[in-house]
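What follows is chain A paired twice: with chain B in the first complex and chain C in the second.
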Partner chain A sequence: MLAFSKFNWLTLIVAILVQLPITPVIAGPGTEKTLPNGLKIIVKEDHRSPVVTSQVWYKIGASYEHDGTTGISHALEHMMFKGTKRYGLGQFSQIISDNGGDENAFTGKDYTAYFQNLAADRLAIAFELEADRMRNLTLPAAEFAKEIEVIKEERRLRTDDNPVNLATEHFYANAFLLSPYRTPVIGWMTDLNVLSVDQLRTWYRLWYAPNNATLVVVGDIKPEAVFALAEQHFGPLKAEVITPPQLRIEPQQLGIKRITIKIPAKEPYLIMGYKVPVITSQQDDWEPYALEVLSYILSGGDSSRLQRELVRGSQVAASIDTDYSAFSRLPELFTLDGSPAKGHSIAELEASLRQQIKMLKQIPVTEAELARVRNQLIASKVFQQDSIFYQAMEIGLLESVGLDWHLADKYVDKLSAITAAQIQAVANKYLLDDTLTVAVLEPQTMDSNSIPSNSSGVSNVIR
Partner chain B sequence: MLAFSKFNWLTLIVAILVQLPITPVIAGPGTEKTLPNGLKIIVKEDHRSPVVTSQVWYKIGASYEHDGTTGISHALEHMMFKGTKRYGLGQFSQIISDNGGDENAFTGKDYTAYFQNLAADRLAIAFELEADRMRNLTLPAAEFAKEIEVIKEERRLRTDDNPVNLATEHFYANAFLLSPYRTPVIGWMTDLNVLSVDQLRTWYRLWYAPNNATLVVVGDIKPEAVFALAEQHFGPLKAEVITPPQLRIEPQQLGIKRITIKIPAKEPYLIMGYKVPVITSQQDDWEPYALEVLSYILSGGDSSRLQRELVRGSQVAASIDTDYSAFSRLPELFTLDGSPAKGHSIAELEASLRQQIKMLKQIPVTEAELARVRNQLIASKVFQQDSIFYQAMEIGLLESVGLDWHLADKYVDKLSAITAAQIQAVANKYLLDDTLTVAVLEPQTMDSNSIPSNSSGVSNVIR
Partner chain C sequence: MLFVNYLIRISILLLLAATSASGIAAVDIQTWKTDNGAKVLFVAAPDLPMLDIRIVFNAGSARETLPGQAYLTNSILAEGAGNWNVEQIAERLESVGSNLNSGSLRDMAWLGLRTLTLQPALDTSLETMATILTSPSFPAASLERLRNLTLVKIHKSEQQPNEIGSKAFYQILYGDHPYAHDPAGTPETITAITRQQLIDYFQQYYVASNAVVAIVGAVDRATAERIAAQVTSGLATGQAAPALSEVTALPSSTVKHINFPTAQSHIYTGQPGVTREDPDFFPLYVGNHVLGGNGLVSILGLEVREARGLSYSVYSYFIPMQRPGPFVMGLQTQNSQAENALDVLMQTLRKFSQTGPTPKQLEEAKRNITGGFPLRIASNGKIIENLSMIGFYNLPLDYLDTFNAKVAAVTVEQVRDAFQRRVKPDNFATVIVGGNSRVMTESH
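Here is the complex of A and B:
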């Protein structure tokens, strides 16, 4: 039950899978079928182990929400575990667990996804349960009254009491004026305080339907068998009239923005973000890939520029990272964030980062750097292929943001084809002060008066 | 058909009425009645001339709107002139005009208001027409298709092609993260582009009802006669279920924000805004009044501090103003804005303004200054009483933001009671960097690439 604020392929994949042993890639190319009710099913065979991952991805998330009801997608995700007419409170998780599986869910800006990892011969169990809760959720008011308190506690713990996350939330809300990417996935506390179960019912009816979902299955299964099983369980569900989400286009940013965030914290923190295109919003298809490679040149691994120059070299930075994903429904930010090392200021850190960006604009990256990125990319793809879960996740994400899932197979080739000249071109075209937002966390002592009023200082158990 | 972004009593009243001859105040105290369908009627007698103003104030405006459908209240105001079943396109204005009257409407953040100024014996005509369009608007799709283009042209002319207004729009949208006061009354162009007549129909049905309106009549009339006439025309209208607007509470600002706006313009421009309370949101009732007096001390008239010190004295400023209204539905900004004089920079102007604020915090204002403000207030109240239109406007505004209209009679007394210590107190409590947003318009040459993409450069006729 995670609220993903940002999804970065490489970071996540490498972080999680880097310690797994490399095995030969034997996953099939994948095949798809769409049921008459609109449910799209994508199946990939991977027979290395007798297991399967089953994932239902709904095209709904925080970027579909409107002011006043932010956080509703994530709240609904929580309530998806609170029972249907057939399977009561807690039974979903219990049944999966009894069958030796694990399951969970996560909400992002562009999607809400549910997954089960099971022995391959138990796939029907996952399908029956997911098909049931796709249309038959009961949403009991009493359960919602309890669960919304859990969600608010989750928000206090992860955002209000976490200085970097709170700063990041304010950064996005200030960087974007109108784009729904300004909205935190968990929702604003003021909205959570007034969210009603009736609003959730409407949200559920509007978006949870076979024709707004992608079913992704990867593992030790045969596509024909999966399609037949899906037909049996999901086939009877009725399609819903899905109204495309309203286009809320970000107005052109007209100059640099700087915000200061004074909150109780131990370390200062800097986050800088440039407005950049993503694949869905871009005619010149190569530009987002060039931005991904640029991000990797700066911060991909220990031998990346920022690690080498700013952390180990000048030692201005204690930590530093970049973040960008080419796979989003709407234009995104290219961010650089980090903390200065002891004895160095935020201003020095920003100056160093600007110097790095200036170099990218003026001098082409070297072939050696490009080769390093390519090797890392290929390695991470191999790691990724080792996990049936992440193979399915890649497919589900691409489909959910409106892209063709086959793009997953082209990703490494697309990135590998990027040239030094293209990286220089996107640096000069997009990393401009006029679309930059800079947020600085200025730590206050813990007894400061600046503690935000919605911060409780207390963190309890979260689900 | 004005889209008011901000309403400042004194500025507006003084600006419009300062040249009128002063006549003895003979307006009555006013009386009210509420019809069974919820329509509140407030009548004030003023028998100096045989004229009357009739105003219908709806509790609906831009601050009720949600992202994606901004500008809908103002668009509906335009469509209120496009005919009902009984009175077709253009007939409303024609009938008023044929009877020697004038009429118009305006939309603000917290209200939409319609008025007619007529000979007192023609009041029934205004009532019949207003009652008719309160519930029977036809909203023809073809007319809306034409009118939305008129509105978009109005936006281009007044905002996109007006550097100060465009900068002000960005300033408010950045200063507030969640408060609906971040929304421009005219609406974002991206929303106007997709606004539909069906959305207007829903908006009209939700908010245009006798129990969401205040009818204000001031002039050469008797209350009993007005109540009877109102009963006759508005009495048959059915009440609507009015859902109170959703509370969208601004999160605490955690530090100063600075935004730069680089657009084609001739002059640089600075706007600074502090987050401050208003009467509706404030327990300590005197604070908003103290802020109003503080604003007046700084910029009320030629002998105010900013005029004396910055325009005529140091000559750092070419123009300078402050803006604050205690009468709003939600917490507001206290703003200072202006342009530097030739040879002076924005930085010098900001430093000078900060110096003025520092002085307000450190040194109590003088009794002479307070006396000057009191005299100006009393004079402006006299001027205001001279206009039946502004007497009605004051009442309508107060009722629309949820305050008691009798407050109008107490306003001068409340302000006059403010002490130097209270002004110093609110300066120290609210004019703080941590809730400050500073926006700077940096003029670009006219052939710059920075022209916003939604600016046409062409200004046509507006209604």
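Here is the complex of A and C:
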């Protein structure tokens, strides 16, 4: 899922049919507690290093926004660093810095999250500051006037001047008619131009409250001590009446959609997306898991189908990837995107991808492929435990999209249980032309609005 | 009242910080040489059943005769080895859940592996890695495919203002020095490079005397010794790469404008900086943390972004390399503000260089660096990065243990003195990539 953050910063085979044993989970299983004001706290012990990550996840993001105020969640994320009555402008970041911490924040379609990574004995500092800005932000108008300019520069940097990202933004806006997933997280520039600090104040009051947040702590800590500390700092905060916006249901797509994005660029780019379901709290269906395995079969590593067949085999693609996240609040797209290899066209690339989809529908994937995916998943689960930050992110994400965080520990088992017949079934049920959107970046000459070429070259200037 | 309250709270928080700065976990680095002469650095990490290994060669683009030679040599290694073709290599590794990674920069080129320590994952992965380094087959068909992919990659980079700017910046900073050219090569050189040139490059530079092996994972010393011997067994002893030529200081200020159809101008300004063993390294590193190396808390972050709203990202840093790597300050802003933003960058640097940091600023930077030390060694992934760096740049084995003390010892006077002697804004090279703006017309 696309996230924006406050600062800077994817033949013939002799298959080895081995099944790795399921490895033990080293980090603690995790413990949860909910305060009377509704704040849910999830703590996971990991004593390998004397460090901790503290993350506050709010259930608010671009998919909650209305037309005309797009980008407001991300703008508010920026303003969360502009001070409270108690800790004035710049104090938050300065205090975390003085304590040797890393901090940042990021906004997605379904969440806004804030984190600090610190030596484990300094967790109280993070709690003190996060609790304070959960309800006491001052949102000064003069600071907003400057910060919105920073956000517009961020949009120019990430989207307007980046051909692939600009094409992707147009792709999502066209793929969905009503679903809020059509909205870019950073917001449309015309909305950013008219966004007001008063609108942000209302947004802040409505969504920033203990009963709309999840506090996730992973590291060299004891759950009881974390709960006590959280009670002390977050306990006094008042809950808010949370009223999620009326959900706008995406109407059934009635046929293939095609768009062209003509912008200054050098290389063409193709992105295709099918409408697919995700895991919901009401229904723990196998279909989204089958779609995840299907995604691994197509693009999970160098031995995956698209690398083997399109990048190395026919050599139609220079780069190719698939993307799908079963952990989303609303129905998503299963996307395939990439660029053609030298001497090949976008049309050839699209035809090759559609041929691969057709094969998935007609022929069951092999046991060797499934075994590979399973072993990759088992290994990556172990590898992920090397990062306390990643462990906390997985928990925060699940909770924020309305799922049970325990799913993080069941995920590998769920995917491992998927069969070749189930993958074939979801391919036939969901990867349909009538729900497909295809976007093509058609490069236009990059010097169309240029000034004369004598402006290029080295010259001596005294400053 | 609120103000007083706030001051008290701040001092409590700082007291807490000061009292807890001592308890630093040491990293027990063990080292030895393989029989054929490769240096090994090893840290035992028994908690997770996994192993990271990275073999770093002094074989980056600074060694090549044709731009792109080092990158293509590194890229073709996993394309075929022993009796295995590219499909079999990928399948062997991924069927046991392992990840192979490789990369090639200006100084270093490496091959890395992350694997479970369970069987058959461990043996299968290590055998595959050893074969890749012992008998790569440099398949001719793979070279043609990699050639085409690299040409697309270079072409695509020409639509990214940051890549255009960064390439131009290195070219101006380093002139005739091998750091000047881009590691990805040029369309002409990528088209011209032959298979034999890749084999020659491999035979000269991918040798044990020119290698550092970093290992972190759930194995004991004896097993680590066997693993290091296994993966390097096929390497010739060879010779360490000779010292690179000296970098020449910039003689005068230059501004290069690259006209580009973007809403923003990307600005890069700087000069050749420092090596890792430079005696001024710590004063410059800590000083730069105050200036522009600590995000929005840095002076540049405060002046450019917080006070003026000119840019989303603004930074300054030294990139220490075998020979002085760049000192660079940078930002991106809408074209009409480019001149103003560049002025703010330069004035901020000049003022900082003149006065040095305030004692408070220096103290705050030290607190951030030393207090954050546990985070820098908190995972196997971070430890292997540190081992590769320590091994490649021949830093002492106690580098991590003494790091905080060296940071703490830096004084205001040392920072000011080091910046005045070493950073010469009058001779900076500036690169601006973007659309039409006043700063562009003025300089012509």
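In this text, the second predicted complex is superposed on the first by the 418 of 463 C-alpha atoms of A that agree within 3 Å, B and C clash if a C-alpha of one lies under 4 Å from a C-alpha of the other, contacts with A are read in each partner's own complex, and residues count from 1 in each chain.
The rule we apply is simple: a contact is a pair of C-beta atoms (placed from the backbone, for glycine too) under 8 Å apart; a residue touches a chain by one contact, two chains touch by 3 or more.
On a predicted model such as this, the values are computed, not experimentally measured, just so you know.
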Partner chain in contact with A:238 - chain B first, chain C second, else both or neither: neither
First, second, both or neither for A:205, with chain B first and chain C second: neither
In the superposition, chain B vs chain C on chain A residues touched: C
Touching partner for A:88 - first (chain B), second (chain C), both, neither: second
Touching partner for A:174 - first (chain B), second (chain C), both, neither: first
Contacts of A:258 with chain B and chain C, given as first, second, both or neither: first
Which of chain B and chain C A:406 touches, first, second, both or neither: neither
Chain B and chain C footprints on chain A, overlapping residues: 450, 453-454
Contact set on chain B toward chain A in their complex: 66-68, 166, 170, 173-174, 177-178, 180, 188-191, 194, 246-249, 251-252, 254-263, 434, 440, 442, 450, 452-454
Residues of chain A that touch chain C when the two form their complex: 7-8, 11-18, 20-21, 23, 26, 48-51, 81, 85-88, 90-91, 93-95, 97-102, 117-119, 121-122, 124-125, 128, 145-154, 156-157, 160-163, 264-267, 300-303, 307-308, 311-312, 315, 318-319, 339, 341-343, 368, 371-372, 375-380, 382-383, 385-388, 443, 446-451, 453-463
Touching residues on chain C, where the partner in the complex is chain A: 2, 5-6, 9-10, 13-14, 16-17, 20-21, 23, 25, 45, 47-50, 78, 85-88, 90-100, 114-116, 118, 120-121, 124, 145, 148-149, 151-153, 155-156, 158-161, 172, 252-264, 294-297, 302, 305-313, 315, 332-334, 346, 364, 367-375, 377-381, 425-426, 428, 430, 435-436, 440-441, 443-444
